[in-house]
Each structure stands twice: as structure tokens, then as C-alpha cells.
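Each of the two complexes below includes subunit A, the first together with subunit B, the second together with subunit C.
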Partner chain A sequence: MGSLTPDFRFGNFVGSIVWLVFVVLALVTLLILPIIFFVLFYVPLPEVDGEVLTPYLFFSMMVDPSRTLPVVQFFIHTDLFRAAIFPGFGFAALIAAATIFIERKLLAKMQLRVGPLYAGKVEGIFQLLADGLKLLTKEIIVPSGSDKPIFWLAPIMFVSTAAAVVALIPVADGWVVADVSVGLIAAFAILGFFPLIALLFSWSSNSKYPFIGGLRALHQMIAFEIPFFLSALPVVILSSSLNLTEIARSQNLFMNIFILPINAFVFFISSLAELERIPFDLPEAESEIVAGWLTETTGMLYGLIQLGSYLKLYALAGLFVVLFLGGWSGPQIFPPELIPGAHDSNLPLLQMLALDGLYNPVTVNSIFWFMIKTIIVILLMLIIRGINPRIRIDILLHTGWYKLIVLTFINLFIVLMLIYGGVIGPGGLISIR
Partner chain B sequence: MSNIEEKISEAKKLALQITRETEEDRLMTLSVGPQHPGSGHFRFVIKVDGDYIVYVDPDPGYVHRGHEKMCEYRNHFQNIPHLERPVIHDSCNITYSYSLAVEDLVGITVPRRGQFIRALASELSRLSYTLYWLAIYGIFLGHSTMFMWPAGDRELLIDLLERLTGARITNAFSIPGGVRCDIPNNFKEKCLAQVNYFEKRLKEYEDIFFNNPLLRQRTEGVGILTKEDAIKLGVTGSVLRASGVPFDVRKVEPYDVYNEIDFQVQYMKTCDSFARAYVPLLDMRESCHIIRQLIDKMPESGDVREKLQFNIKSSPGETYKRVESGRGALGYHVVSDGSPKPYRVKASVGSFRNLLALPFLLTGSKLGDMPAIYWSLNYWPVEADR
Partner chain C sequence: MVDSVFIGLSIITVGSAILSLESRELLYGGIALAISMLGIAGYFIILDAPFVAMFQIAVYVGAVAVLIIFTVMLVRAPNTVTKKETRKRKIAGILLGLGFLVMAGSILGNSTVTQLKFNENAPVFDVQAIGKGLLTYYSPVLIVLALTLASAVIGALALARREDIEERNEPTN
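Here is the complex of A and B:
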């Protein structure tokens, strides 16, 4: 497969990158720095290492690398950083963007195509940026007779609800935006909002195809929510906690998927249905109801809903990893120190490079394993799209209400048998705790 | 006072009329096409009661171009390039029957080598059309890989047709008197190699699409068109064969060299949407066999075309010749008054016959079955409108 565009010149490519860096630097010095100074002048500043963090101190830290680390350390433990950047919205949005790109390339390779190629020269890596810019510049058409406040609000509600699910997913021990003691129930409660948003949006857009699509979304999500909850029930029995961090911790010895293979399967299928992905993309069935409940969306409203649904994909893959694949557990492969002996040396640059005080091998290892597992789950979800057709709504409802619910109970009883037979559980042959 | 009371009672009556729910209120009218992604150049109005379709009104005619009238102003050779336009993917078949009809009127026989080449082009064209049809069937059922694979493999056959005729899809290859040109050098080897590869791909289609349990769940037992109904409605082609009638014009009324070719008429007895999708795949296998035999039995040398003068005059009279196209029996009724131009040309196309089954099958089915039934009818809107 061709991976470079025909008119690709490496020199031009490097030149364009240098030009880009120049433009960014010029913008930073001329625009962003003055703005930062103005803002920092009015904002009450925190104390770092016994000094008030003035703008001057901040920039002196940029010059002296060893003084930068405490500032970074201070920032990554603030709530704002967790919610906005890692492991919150920014990180999840990055994963979502990467998922869209990988999905397009992967499907293209499966289908004997090339996929995005031209934007960004190399394998079309900037295709998503181009698409985003295109969506931003497009006109937003609001259908006449629509309920305008709801029509405008629903896409934003969709993204924020998806981000709320992301906030509950722990990527490492202690690295979670909202460590709720009933995290699992909270996740299901927030996921229950999606059909409402779909129905509100489809109803407010005053059109026939979206209305049918919204009703289908409602039917589908209600039919699959019950097996979705029930498949997570044995996990709670095994770990005797509803907190997602506790659930992940309890799988230190072995992953839940070895005891609960059927439930993991049901959870996977149900999450595909929650995500409205093929083979369960009935609410967006193109050949039947145009684009389903998204028919009247234009421009960035569509972009927001797409972003929301891929955030939801990441959140559900993360939930699968936490519930069944042991969360962040995995063999320790990162060394205790990034550069051995850097802690004792006096060179500030070496300390900087070794991320002294910032680098925590256990946390980095946890995040690494969590990401590996999540990416595998996401890829599994993507591959399904390439090999399956859409199913019909009566088969879908039958699958949700009869087959999947029965399957979850089978595995639930197996787990209970094992616990009362003294194989697993407290004091069992294979003790989890 | 009484005036006011009258007004109030009238208003009450009106209000009652407005709020009373009628049987019609349960129904929602949906227009499928021409801008709906699930229709093509075609519209049908459906009324749904919940998830069930209760009323279907097909409304063809969006791409009517008056080919039959256009034929009356051009001579027989000038007619060929515009007659292939209704189905450019199946162009070698749609011009085949017109050429046969004109040859019958003029009273000539095509040289033997020309007959073989014409049949070869017709089979390649049929494969190309069926692949295109199958691709759209795949995407209508939400299977994007099944859209891309046949659309990509179609390139193999288009490549062959381009080497054979000089054009990728609008070939205008079959003309009254034979074919326009002889086969190029090394064509036979190349054709055999590509057809052999293509047969392997058919196996992969079966694996990824036709043996997929989700597809089987969705299409088996859907849109049953029984043998009796199929014959009554007058459907043709793969739709008729899927209903258990082994009817193939190549076998029933062999034209040109088809009586020398050994092939089976593929048919199924399940009569459902799955059978209507599967029979074309079996047909493609048969076509590959036929292509091999044609290449094997083709005379090594000889004329490919009976030389005719440009304004050839036919004897007054009328004739009807039909061939088996990708969509079923495709015939031309040509009436001549002795002048170089035909007096009247009437095309009998498979698409329009199959359209008659659409309201019959859709009424009472579910909305989700609509694409599976509609596109399984092997209907090509442009050909039906002509």
C-alpha cells in the first residue's frame, strides 16, 4: 500500500515544520505571553517550595530546569489538571481522536483501500485536524419548527455526559478524576442519560427520520441496559466493592475474565449496543432512516456528537478493562529510576531529564498496562465494524431481553457456586485478598 | 345569547373533530428517495405503522431519458452508444439483444469467432454488473467491507473489458454484424489468470458475507416470493431463479453460441431475500465456467464482424430478440419500415418486471427489512426508466 503522497518531498516537509515552529514561537512571544502576564497579574498565585509563583519566577524556572520540576509537580496534583488534562477530558479526547484515525486506517486496510492519505503528507495523519477545521467552518442549519434551545443544548450535553463517564475511570492507583465510593453505579447512572439525550434531540429537530432514530435508540439502550448491569454484578460480588479503584485492586492475583468469560462477552456486546456501533447501529441506519437521530445535525453539532461517542467508546473500553481485565495490573517493566544515579548528581539538566521527583515507576507502569489493555479492547470494538452487517430491531430486542440476560445469570450462578464451594472468596482455595 | 351557545357548541364539535384519533393518525408517511441514501435514482413512498410498512407506492421516472424515442431518429449503428447508457455496468448485454434483433431484420449471421467474442464480453460485463449490484447490497445491509471488496475486484474485470474493447465501462462493443474489434494479443492468458483469481475471491465473499450468522438472521425468511407469485407477477432473472424457477434465457432460448456451452442454471427454492442475494453469486461462478469454455472453444482465426454499410436498410417487418442480462431477460422489439432507421423500438427490461414485486413484498414487512428486500430485487432504476 502506498503510504506517501506522489508529490512528497522530505525537504519541503521539514521546511513546513520549521515554518510552523517559527509561526508558533512568534505567536507565543507576541500574543500569548502578554496575555499570560495580564492574567497572572490578577489571579491569586499559589506557593511552590516556599515561594509565591509569580510570572517572573515561572520564567526563571524555565531557564533553570531543576526549578521547573516542582512547578510541574504542583500542577499535576491540582484538580484542574486531573479534570482537564490527565486522566480527564484532554487525555480522553486525544484517545478519541486517535481512535477515529486508527479506525479509518484499519478499516481501509481491511477493505483493500488506502484510507486518509493526503492531509499531513505521511499516511494522512492530519486528516482529523482537517476534518475538524472543515466542521468548524461549516454553517449550522437549524431546522425550522425545531425546539431551538434543546436542539443547541443536546450535542453539548452529549459530550459532557460522555466526559462525565470518563471522569470515573481510574487509569492508575489514585489517578482518577472522581473517586466515588459507588463508582460502578455512578457510571451506569450517567450512561442512562444517553437515550434521553438522543430522544430529546431527535424530537426537538422536528423531522421524521430523527424521530424514528430516537425511538430506536431508546428501545435499544433500554433493552441492553439490563444485561449491561447484570454482567457487572458478579464483579461486585467478587470484589465486594462498588468503587472502581477497589475493583481494579482486587484483581491483583488474576483477572476477572478467567472466572467470568460469559459476563465479559455480554458486557462487550452490550457496550457495542450502548455505543450504537455496527452491528447495533440501528439508530443511525443509513439505508433505512437516512442518518437516524443525527439526520438534522450540521457542522460542529455533528462534530461534537462524534467526539462524544468516541469519548464514550474510550470510557466503555476503560470500564471493561477495570471490571474484567484487572485494570492497571501487570508486570513491572519500568526501571526504578529513569537515569540511574541522576538523583545524586548536581547537574540540573540531568535531574531534569531524569524527571527527578516526578517519575514514579509504579504509576507509569500502571498507566502503561492500562493503556495497552484499553487499546486492545478498542481495536476489538473497531474490527467488529469491518466484518458484520447491521441487524434488525426485532432480533436486537430479542437478543437483549432474552439471550444476554440468561447468559449473565448462568455465570452469576457459577460464581456463587464457586464462592459457596469454598474455591474463591475469603478463605477459599484461591483467595483473592 | 343563543348565538353564543351555538358558537360554543360548534367549537366543541370542531375540537372533538380535531382531537379524535383516526386510523390514519397512526401512520407516518416516509419518502424513500430520491435523496434518501437507501434508494438510488428512484422514489417510493411508504407508510409505516410503528415498525411495519402498510402501504408502498413506487414512483419511478426520475431518470427517464426517452431512449426508445431517440432510437427512431438514428440508424442502427448510431443507436448502439446511447442504448447502453441505461446500465453502463452491463453495457455488453444491453446492446447484445438490440444487435441480435437488427441482425435478424437485416438477415445476416455473425462470423463464428465474432459470436464467441461477443459472448465473452457479455459474460465479463455480467460479472462486472453483478459485482456492482452486490457491493450496493452489502452497504445497504450495513456491511461496509462487502461494499469495498466487490467494488475493488470489479476493477479486474473492467481491466479485461478495457483491453478487449478500449473503454472501461461504456464499451459499445456489440454492434449489428458482430463485434467492433478482435481480441488483443495475450488476452486469453490474462483473462484466464484474472478469472481464476476472481473465483478465489468469490469464496472469500461467501466467508465474510453470506456465511455471516447476523446476515443470515436478517435476510433468511424475509420477503418470501413464492413460485406461483413470482410467475404471476412476471419477475425475471435472479429473482425468478431464487423463487425456484430454473429460467435462464441462455438455456431456454440459446442465442449465438450458448447452445454449445455446458453450464447449469443455478436456482434456489427458499424464495427469500437471502436466496435472491445468493443466486447472483452462484451465477458468477457459472459465468467463470462459461468464460473458460468460451476461451477454450474459440476459433483461432477468422472474421469477427460481418461488414455492413453504415446506412444498412432492413426489410420491413418486426422482430423480438432477448438475452439474459444481469437482471434477467432483456429483449428488444424492433419494428422496421424498410428505411435505415427503425420505425419503433421497445425495450423489455428485467428491472421494470422486478419492480412489480416491490409493493407486493414490502407491504407487511418491517422497516428494517426494506433495504434487504428492495435491493435484492435486482432493480436498476435507470434501466427501468430508460
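Here is the complex of A and C:
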């Protein structure tokens, strides 16, 4: 009985469980059932296969394997699913979380440390969960002289802006939340919000370290925005479209990085600066200005900004893949059917296991290759953090304004020469379409 | 659907524009201006011109608003706006504004603007057409604009350059 408290009584324990059951039942009868009835009365139900989806139909479909898959398919193709779960926020947040853990572990291994070790017994795999719980339950301390509305709103703005960039990234043909005809410019326009948010948040903290960090973030992001924008220009010229899906589709013969290696390099460096990652993490330089513009963040405000910056990391890696690495193109490695012969057989359970009708080999293949490429780019960004020191601010600004902008033009002229020489482009020797 | 979006955008745009004028805190005024510019970008999206909308966001919210807010932060003085208005002035201002609105409304109502109809055969939005137009028919305008901007930048550099600190600021690397 060592682990139990000394005044443990079995009767009290049973009583507490009975009380819990009572509270749950009371909540269900008083709150949840009325809400369900209200929803059933007033909300028009969607149609699946020509029938109105009533709860009875829904349950019968869930029980019958042959009718479950169409329902799942219907929900997968709704806009809400796209925005909230698959190519949208949930998926990106999952990748962001995985990136945080892998980054800590990878950097630790690179620097001969052990990294997170205790949470979850095996190599600390639950460290992220523990950190998340800690951030959620910590008190949020707002500095007394701070500008309260901006201080509360800026982290939320940061996450939502990052999610807006994520929404523009296509992961496969047709699998994108917002298929905008000017997607590339939209991505750059939305990325232009980040310096504003960092500046406002650092100002609202009313403290000197955040403000210095915010000014640094502003300088850095504006210095690197121009090479960032310019390095994507030859890609647009090559694919003659601003739509990200079209840009990815136009690279089915060869990836853009083979024609535009310098631009890919500039884009990569600029996205590191845009993400404030080492070697460009001057806004958060912890050995100089505590934590830069994040100094006054506590609890979930810090968690939100962290989530936002890793969402942004995924979005920029995805953008790099779409612009330079050919998006989702890659050799077909998935079989046409998960279990061969499942479609012709009359066994409903087998069909359900084979995801018959739901499984699309081309889409799965596209998503697989997109994920592989994105993960490689993300790992590249992480490795650079492990092996580089932080650079000085004047070198950073000098690099951004003088070197990268000039570098972007080299490839631009090469592409123009190739197009006017009739080698690539519409009507050229190697036609993209 | 479009009407409700339009009304919502109008409320956001006009409301934040009024807020940016009336706000005593200069910084909030700057933020309200940025939101107002976002609302204008929303109008462009409704008008089926996403290209212009994106540049509106990139230029006005991403650059101009940042510049304004940055300047406000640098020169932050709490009482730059002295309260001079009296009751009489307020009433006179409101009456003047209403009079102007009525006049402008009557002129607009009698003009041919009210007889305009939606063009069903309007060309579909096309970025490539914009690019072609900019490089062929409108190329002189583009070149003149580019020269104007270049001269503005060179002028700004010439004004901001200080020769007395040039020598101390030796090669950066």
C-alpha cells in the first residue's frame, strides 16, 4: 500500500466514481441531448448518394461495410475536411509537432547529447505531449505596462497567418484547400504579414529586449523578402502560371531545380531568414537579447507562436518543393489495388480492408512523393541549424540586400536566354506541356 | 451571399477608416488603417480581380502599413493631437459632411452611373492577359512608372546619405 495515500478509503473511491457517473448522466440529459435534438431539427442534413443523411441512415452505413466507404469518401471531399484536417490545418500541425520533436532529437544526436529521454520511456517520444500539457496549464503572465489587446491578439494572428499560408500549398493534384489562380503572389502577400505581427507584438510587450528583437525581425524579413520574391520569378516564367498547382504540374518532365539551382539556393536561404532559424535567428538571439521578441511570452501564447513558426516551416518547405522540386511528381510505386482482387470479390469485409473505391493509387503516390520531398527539405533546414553559428546583423543585411538580390538575376537571365533561344518554354525543343 | 459579404466588408473598411482617424492612440490608428486596406483588398476579390487584391495586400499591408506603424513607434508622443473641437464645431462638421453626402448622392443619382448594368460577357480574369497588356500596350506607362520609382529611390538614397560617417563605417566584411 505504499503508493496509495494513507487515508485511502475504498468507500470514498466508489462514492467518487458513482458521483462522476451521475454528473456525466446529468450533463448528457441536460445539455448534450438537447443540443443533438436541436441540431437534428434545425440543421439541414447533407445528401449522400441521393439520400438525406439521417442519423438512422448514418448508423446503418457505419455498421454495413459496403456502405461505410461512400460516407467516408463523401466526408473526405467536403471543404471542411480539407481546411481542417487533410491538406489543411490538422495535417500541417501534425507535421509541425513531429518536426519539433525530430529537431530536438536530431540536434541532440548531432551535438553528442541525448535530447529528450524520460517522457514515454523509449527515447522520450512523449516529450512533446508533456511540453504541450505544460504550456496549456501554465499561467499566462501579461506584463503590467503592456498593450493588452495587441499582446493577446498577436499570437493568434501569427498562427492564423501561418495556417493561411499552409492552405495555399497543394499536396497532390486537386488536394489543396484554396486553389487560388494567383497562389504564388497570395503566398508572398500573406508572408508579408509576419514582420507586422512581430513588430506589433514586440512593441506591445513594453520591454526593451522584445522591442530590439522586433526591430531586428522587421529589418531581416524586409531585407530577405525581395530576394525571396525575385527567386520565384523564373519559375513563373517557366511555367507561365501563378497557380501553385499549375506550377507543380508543369514540372512533370524535369524539376525546376536543374535549370534554376542558384534560385533554389537563394529561395532556401531566404526562407531560412524568413523563418528566423539559425544562422538567421537574430530576432530570437538568446545569448544577446534573452529571447528576442518572444521574451515576454508565457504559457500558451508561447505555444501558439511556436506552433505558428513550425506551421510556417512546413509551408515554406512545401513551397520550395512545389516551386523547385516538382511538387508531387515521382515514379508510381503504389499498386493499383491495396489487396489484389478485392474489387471483384463479393466479400464486403475484404473490400473494406482494401479501401475499395476510396483508395486512389495516383493520389496516394502523389502525397507520398510530396511528403518525402518536404521531409527532406525540412531535414535540410534542421541540419543547418545544427552546424551553423549565428551571423552578425550587418553581415545578414549585407547578404540580403547586396548578394542574394544579385544572385537571383543570374538564373533569370539564363532562363530568358533559354526561352528566347527556343530551348524550353512553349514551342521550344523541350516543351513543358 | 455576395451582398452580405459586401456589407460586412463595407462595415470593416469604413469602420476601421473612421477608427484610424478618430483613434487617440496613434498606433491603433495605424493598425486600423492596415485593416481598412485589407478591406479594400476584399473589395477587389469580390470584383473578381484577385491579382490586384494580392498586390494591395502585399504593398499596402505588407509595406506601407509597416512603414507607418514603424514611424509611429519611433516618434511616439502621447499628446500630438490636441483636442480643439467644441460642440459647435462638431455639429458644423457633421452638417457639412451630411450636406456634401446629399449633394454627391443627388449628382450620382442623376448621372448615367445608375443606368450601368452588369456585363455578362465580361472577360474572365486572366493573369497572362495582364502580363501581355503590361508588356505591349501599356509598356510606355510601365517604363515611365519604373523611371519615376527609380528616381525616387535614388533621390531618397542621396538625401539619406551622410558623408561624415562614411569613413568610420569602413567595409562591412
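Quick note on the criterion: the second predicted complex is superposed on the first by the 390 of 433 C-alpha atoms of A that agree within 3 Å, B and C clash if a C-alpha of one lies under 4 Å from a C-alpha of the other, contacts with A are read in each partner's own complex, and residues count from 1 in each chain.
The rule we apply is simple: a residue touches a chain if its C-beta (ideal position, glycine included) is under 8 Å from a C-beta of that chain, and two chains touch if they have at least 3 such contacts.
Remember, it's a predicted structure, so these values are computed and weren't measured experimentally.
Contact with subunit B, but none with subunit C, is seen for A:278 once the two complexes are overlaid on the shared chain. Touch criterion not met for A:129: it reaches neither subunit B nor subunit C. By the touch criterion stated above, A:182 is placed in contact with subunit C alone, subunit B being left untouched. Applying the stated contact rule after C-alpha superposition, one finds that A:380 touches neither subunit B nor subunit C.
Contact with neither subunit B nor subunit C is seen for A:141 once the two complexes are overlaid on the shared chain.
Contacts of A:394 after superposition on the shared chain: both subunit B and subunit C are touched. When the shared chain is aligned, subunit B comes close enough to touch A:113, but subunit C does not. In the superposition on chain A, A:287 makes contact with subunit B only, while subunit C stays out of contact range. When both complexes are aligned on chain A by C-alpha atoms, subunit A residues 394-395 touch subunit B in the first and subunit C in the second. Every residue of subunit A that touches subunit B in the complex is listed here, in rising order: 107, 110-113, 208-209, 212, 278-279, 281-282, 285-290, 385-395.
Residues 27, 31, 34, 50-51, 54-55, 57-58, 61-63, 65-66, 69-70, 73, 125, 127-128, 172-173 of subunit C are the ones that touch subunit A when the two sit in their complex. By the touch criterion stated above, subunit A contacts subunit C in their complex at residues 147, 150, 180-182, 185-186, 188-190, 192-193, 195-196, 199-200, 203, 218, 222, 225, 240-242, 394-395, 398. Taken together, the subunit B residues at the contact with subunit A in this complex read 28, 30, 36-38, 51, 138-149, 152, 208-209, 212, 214-215, 217-218, 366-371.
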